[in-house]
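In the two complexes that follow, subunit A is the common piece, with subunit B as its partner first and subunit C second.
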Partner chain A sequence: MKERHKNALRELEDIAEDIYDQLIEGNIPNMRIPTRTKNNIEFDDHQGVWKYGKSKSTRSAKKLKGARMILRTLYMLEFIRDMIGEDKSSTLREMYYISESWEKGKFNRQSESNRLAEDMEIVTDCLREDFKLRPEEDGARVIGDITVEEKNRKGEIRNINCRDDVGDSGYTIPYNVEEDKIKFTDTNVDFLIAIETGGMFDRLVENGFDEQANCLLVHLKGQPARSTRRMIKRLNEEEGIPVVVFTDGDPWSFRIFSSVAYGAIKSAHLSEYLATPGAEYIGITASDIMNYDLPTDKLTKTDRKALRQELEDPRFDTQFWRDEIETMLEIDKKAEQQALAKYGLDYVTDVYLPEKLEEAGLM
Partner chain B sequence: MKERHKNALRELEDIAEDIYDQLIEGNIPNMRIPTRTKNNIEFDDHQGVWKYGKSKSTRSAKKLKGARMILRTLYMLEFIRDMIGEDKSSTLREMYYISESWEKGKFNRQSESNRLAEDMEIVTDCLREDFKLRPEEDGARVIGDITVEEKNRKGEIRNINCRDDVGDSGYTIPYNVEEDKIKFTDTNVDFLIAIETGGMFDRLVENGFDEQANCLLVHLKGQPARSTRRMIKRLNEEEGIPVVVFTDGDPWSFRIFSSVAYGAIKSAHLSEYLATPGAEYIGITASDIMNYDLPTDKLTKTDRKALRQELEDPRFDTQFWRDEIETMLEIDKKAEQQALAKYGLDYVTDVYLPEKLEEAGLM
Partner chain C sequence: MDSIAERLADKQKEISVGEFFERNKHILGFDSLTKALVTAVKEGVDNSLDSCEEAGILPDIKVVIREVDDEEYRVSVEDNGPGIPKRKIPDVFGKLLYGSRFHEIRQSRGQQGIGVSAVVMYGQLTTGKPTLVRSKVKEKDYAQEMKITLDTKKNEPDVLSKEVVLWEDKEHGTLFETTIRGLLRSGKHSVFEYLKNTAIVNPHARITYVRNGDTTVFKRATDQLPGKTKAVKPHIEGIELGTFAKMAKNSDRRKLVSFLVNDFSRISYNTARDICEEAGIEEEMKPRDLDVESCKKLLKATKNVKIMAPKTDCLSPIKSMLIKKGLKNVLKGYRPEFYAPPITRDPEVASGNPFQVEVGLVYGGDLPSDGPVRVLRFANRVPLMYKKGGCATTTAIQQIDWRIYGLDQKGGSGMPRGPVIILIHVASTRVPFTSEAKEAIADIPVIVDEIERGLRECARELRTHLNKKEKRKKVSKKFMIVKDILPMIAEKSASIVGKETPSLDKVMTNIMGVVYIDKKMEWNNGAAEGIIEIMNYTSKEREMSLFIEKPYPETELLDSSREPEHDGDYIEWKLEKLKPSKTSKIKFKFSNLDKEDIDGTDVFIDGVNETHLIGAEPLPDDWGVELADIHEED
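Let's look at the complex of A and B:
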């Protein structure tokens, strides 16, 4: 059994023990869990990421709802213990269906079981991956000259160079990218570009930009999965590889960048594991729309609302972001990264990225 | 230049020549294109796939709309010619943006440029891939003991065993899976399971079902991309590998199966390339819902409408499908493939699939 699963098990057993002790002492059991409302999320200026504050709430078996949650918690602990024991893992969806056999502990909706799994993360300070739980699918791809040592499902070691040992679709990031699963044995890149869309990722691959600029290309697939963010973080922290993020130019893409760089509100308890505060934005900006005269779409009402929210968001509280967000609201336009194709298929690698990367001091 | 690109080029030049000749002769140019309405799609009983009928319509430059379409056609031919010459490819989205520089030929929506690319396929009898056009992303994954010889973007040959040379995420299918890109050098599997959801694909991978049943696992990712369907077809036709399809039990999943087996109405002109008429359904049925007592959801109004449409669809005109569709309407329930987790994480590989595959004569 791996150390982090052992540790997760200990933490989970502590929860069970605590409830057991309360029962033995003749008390109605309860659990204390950090309050997960927006008011209890704070921006940690020091680490530059979102975190939960100190407020906690109590889940007591005094009420039916609280009793049911504690029952579910215990069933879930047992399920996780069994998985760790048998070296199995399960999707969050499977766990939801597994609960069909938990009688009164059965979940009514998957959102309930997902949320309880997140609660367990917060209480134990472990990762969902330590519990052997995983989302439906990630599958983001990378291409570039780094060598990954992956321990596969049979426990065998595979050394895979993400440029030379893979097809043109690259290496697919598995759901677990912790050190017991993946090691970086050789990294020969100067920096890493995280790219929002598959079309642009494939463009940079076809144009050979990984070799031209000696960088690693990582496909974010829209809002990136945990495993993608964790992989980027590890490459940045352990291997010292600078990270830039190349997205469309609209409020949702700005959020993609900020979830890579600063963490997301939804996973504030994991920011330290997932966020790469040094990441720089080289995606399409309002200035780019004007400077490169890009094909655009008009902002929708929802876009404008999202931009105004971002002006209130501490993650965007810099001169650069305030200017770009205000300009975007002013010109009332957004643009996609593939809009650069207006000037031909090579423009992005011949002109746009070299200019942006030079600004960032990377080329 | 590869043979099929050369051929595509010839076909496209024929179109240009035809228009040129009409102009030289002093005529207002026009093009004849198969009518793409539902009425002109026929089910070919012999081949067991959908195809276009004989009806054609004329696109004439007499009207502004027709003239604009012919102008766009010529711009597109030129763009494709240039790509083939430079050994480049482009996403459909990029081509849409490229048209920004086509002045009066500029498209207003990507649906217009996509549709014209499809028209070109129909007129020339070529594949979009022959024109070096590709969709945003496919990226379906396969795991199992077959060896693929892929010629990568630099023209180098890579031999990749889809079980031993990849990580747990498997081999990702590239957008072009024609013979000049991919060859099957070694296939040691008895059959192939195409799986609808990522969660179930990963379940079968974790449970080692590819080794247990000596089969290839292919992730469909919902409605499968062309490249996925083409890869399945090639494995079936060239390597004689039987194909089974494992999906959720609802009307949309039945359509996923039928698009693998018989082709889709939208791509009727490509059925011969993409469809695998011998494919068998081993997904969740209404009978399974009852026999295995699976967790279910109630059918929505749209579900019921879709099922009733399927009863009118020649692809579902068999005793098996009529019974299952009518039973589903009767019990008014649907179920997901992951619902099998009700009986534990191994149930699908210990019980369900062996039973289904035995029925299909594959295990």
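Let's look at the complex of A and C:
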């Protein structure tokens, strides 16, 4: 048993012990965990990322919902303990299906079990990998002149150049991107572009932008997985590669950027591992919509609601974001990054990105 | 030489009542084919119910409709009423505006239609067929049978044939059968709906409906006949000028004062003199010499003289218990979860006519919950099926903010939505309808106000019910925690830390914090067996007394697992020292109880604060006060 699992086990057993002691004393069992909302995230000056603040919520067996959550916690805990004991691991989805047999403790949706796994990370200060849990989604793609040393299933070490040793779809980020799995042996890029959509990623690949601008292209696949964010963070922190984020111009894309640069509300306990504080936004803005006269769609009701929420989100409380969000609400329009094709397929690599990167001081 | 006026008058031809109605069928309720059938049935059924009640007979009415041709139906209504004497049959069925109730002031159904003769006329106009009438009075061994049409020019009956027949198994009653053009539909405005609603407010009637061979029976829910209505003299406040002038003209009284005193209700000799003085008209003059101007002055004068309000004892409301029985009887298929105790308001007066409002409300069960609430409107026990929009009942419903009573309603006005049926009954010696068609009650403020008050009383009961339901839901959630989840939490946490499963008594009482009373009653071999479970889920030891009221005076306590402290109109059990998280049970048996009433007994508790009590009511302050002196007045 590895030390990290042993430690996780101790932490988990402490939770059970706590509940047991409350029962023995005749108290209604409860658990306290940090409140996971935008009202309880604080900027960590030292690490430059947003993390959970001091506010805590109580989950009490006095209410049916709370009682169920405590029971689920115990079931999950027992499940993890057994996995560690048997040296097995499972995906989050598998655990969700296994919960079918947890009677009153079963989950109704996978989002519930995922969330509880995150709660356990927060309470124990461990990572879900310590619990032998992994996400089922595959990682995103990367193309560019860096070389990674990856240990494969057979434990053999392989060196892969992410431009020369891969096909058009690039190198796929595995779910574990920690030191023990991946090392960066050679990095010959000036910066890294994280791209929201597959369509735009493929456009930049076809136009050879990685070579033209000597950069690394990373596909975010919408809201990026933990491993993608962790990979970007390591490249930035360990190899000193500047990061820019290229997204659509709508409220959801702004959130994608913020989870890369500032940390996501859902996983604010991991911000120091996942967030890249120096990342810059070069995605479509409301100003771009006007300046480049891009084809647009009208904002929907949920779009407008999301934008107004962002105005109250401490992570967006900067002059740049306030201006752009307010302008977007004013013009009531959004645009996709592929809308740049209005001026031809090469426009994005010939005009838009060079202009944006120059502004950012990277070209 | 004749004056011009006289010559013109010669040209004006008299139009008979019959001809007039022939041209204005809508006034009689025959404006559409679907409605024609409903109206035909309604006229027959209204007559039958009225005559049965007057004769003190529990009505047994059979309505048969059969399609005989395209858009042509044979409709018959048969009753067990007192029957009609031979000589009167032709007039009742063959003469418009003929009827015993037409000139009377009293609460009756009959005032709402033009009469069954209109059906005879409509049938003959649309199919050319006469109406068959059969009637038998108690005194005779045989029945009279006639075929009748109506001479619309003269407004006189034409009897086509007369026969004496035997009517087996019938002591007395009347049957008429007519063939009319119509359309038989189902839905809101159908004959079925009309009969169903009639059954709700006439729980003393048994109504059988045979539609093209399919039989539906609305069973009798009570053997209690409605109180008889009394005919009263008109009250001068509500009288119209024309009626007043006509009464004066036909009066045999020699002096105006005695006319006022004797032909109107609630006018004393002194009041009559005051009216004459105020109008400036000689009190000694003959009433039949009054001209229209003087009549006008007199009526105007009454506004400035204080006249006693009309007596209200001439009305016959359905009353709470029977409304509930009627609703239950007809709506049980929906298994509603709640019947608000129906409200019978005190009588009030609108323009000289006494009226009385009754309201009932039914909630939940299988009633559709996604649409607006359904409203059953009645005037003098007759369903109102049309013109809902322009009715005082609708106005009253819509001006209430139902959200405070727990129903959905957009913006707090308009029709509320939810699984609700509202019943509104307006009884009056003269129901003020919006039009001659008599389909909607006019928006007279005092009537709307009364309806609104009745609705609010029922609505408050609904809110109480919904609050209780909410409270029970919360408790049942707590039960789930205590019974299902907590034991598993204890077991799991114990197994993970490798220790013994802890006792949960204290945690359970901490979570529940209530004394829970669960009463179950079952029907077993003609007796009602009950079990009351008392669970103390509080942290304190409890002492309390349990009370249940006997449903009927003759109900007897046959058996009791615990010696009762008191056994009379109510039963009291004392419970000493029930420890936290302990349960106690009382088993008992009742005799002389109707099967349908076994759920009606509530449990009352003394000794436990209301906030810590679930499944029972705290003992009311007036418990045990003798109610023997208070009787319901008939």
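Everything that follows uses one rule, which is that the second predicted complex is superposed on the first by the 264 of 363 C-alpha atoms of A that agree within 3 Å, B and C clash if a C-alpha of one lies under 4 Å from a C-alpha of the other, contacts with A are read in each partner's own complex, and residues count from 1 in each chain.
Everything below uses one rule, namely that a residue touches a chain if its C-beta (ideal position, glycine included) is under 8 Å from a C-beta of that chain, and two chains touch if they have at least 3 such contacts.
Please read these numbers as outputs of a predicted model, since none were measured by experiment.
Chemist: Which of the two partners, first being subunit B and second being subunit C, lies in contact with A:67: first, second, both, or neither?
Modeler: In the superposition, A:67 touches subunit C alone.
Chemist: Using the superposition on chain A described above, determine whether A:78 touches subunit B (first), subunit C (second), both, or neither.
Modeler: second
Chemist: Check the residue A:94 against both partner chains and state whether it touches subunit B (first), subunit C (second), both, or neither.
Modeler: first
Chemist: Quick one: classify A:29 as touching subunit B (first), subunit C (second), both or neither.
Modeler: A:29 contacts subunit C only, not subunit B.
Chemist: Using the superposition on chain A described above, determine whether A:19 touches subunit B (first), subunit C (second), both, or neither.
Modeler: second
Chemist: Regarding the shared-chain residue A:173, is it in contact with subunit B (first), subunit C (second), both, or neither?
Modeler: first
Chemist: Considering only touches as defined above, state whether A:197 meets subunit B (first), subunit C (second), both or neither.
Modeler: Once the two structures are laid over each other on A, A:197 reaches subunit B alone.
Chemist: Check whether A:222 is in contact with subunit B, with subunit C, with both or with neither, and answer first, second, both or neither.
Modeler: Neither subunit B nor subunit C is touched by A:222.
Chemist: Using the touch criterion from the header, give the chain among subunit B and subunit C with more contacted residues in subunit A.
Modeler: Tallying touched residues of subunit A, the top partner is B.
Chemist: Using the superposition on A, tell me which residues of subunit A are in contact with subunit B and, in the other complex, with subunit C.
Modeler: In subunit A, no position sits in both the subunit B and subunit C interfaces.
Chemist: Considering only the defined contacts, which subunit C positions touch subunit A in the complex?
Modeler: 477-478, 480-481, 484-486, 488-490, 492-497, 499, 502, 504-507, 510-511
Chemist: Quick check on the complex: what are the subunit A residues that touch subunit C?
Modeler: Residue list for subunit A touching subunit C: 13, 16-17, 19-20, 23-24, 26-29, 61-64, 67-68, 70-71, 74-75, 77-78, 81, 103-105.
Chemist: Which of the residues in subunit B end up touching subunit A in this complex?
Modeler: Against subunit A, subunit B makes touches at 83, 88-91, 93-95, 97-98, 100-101, 134, 136-137, 139, 141, 148, 150, 152-154, 158, 160, 164-175, 197-199, 202-203, 205-206, 208, 295, 336, 338-345.
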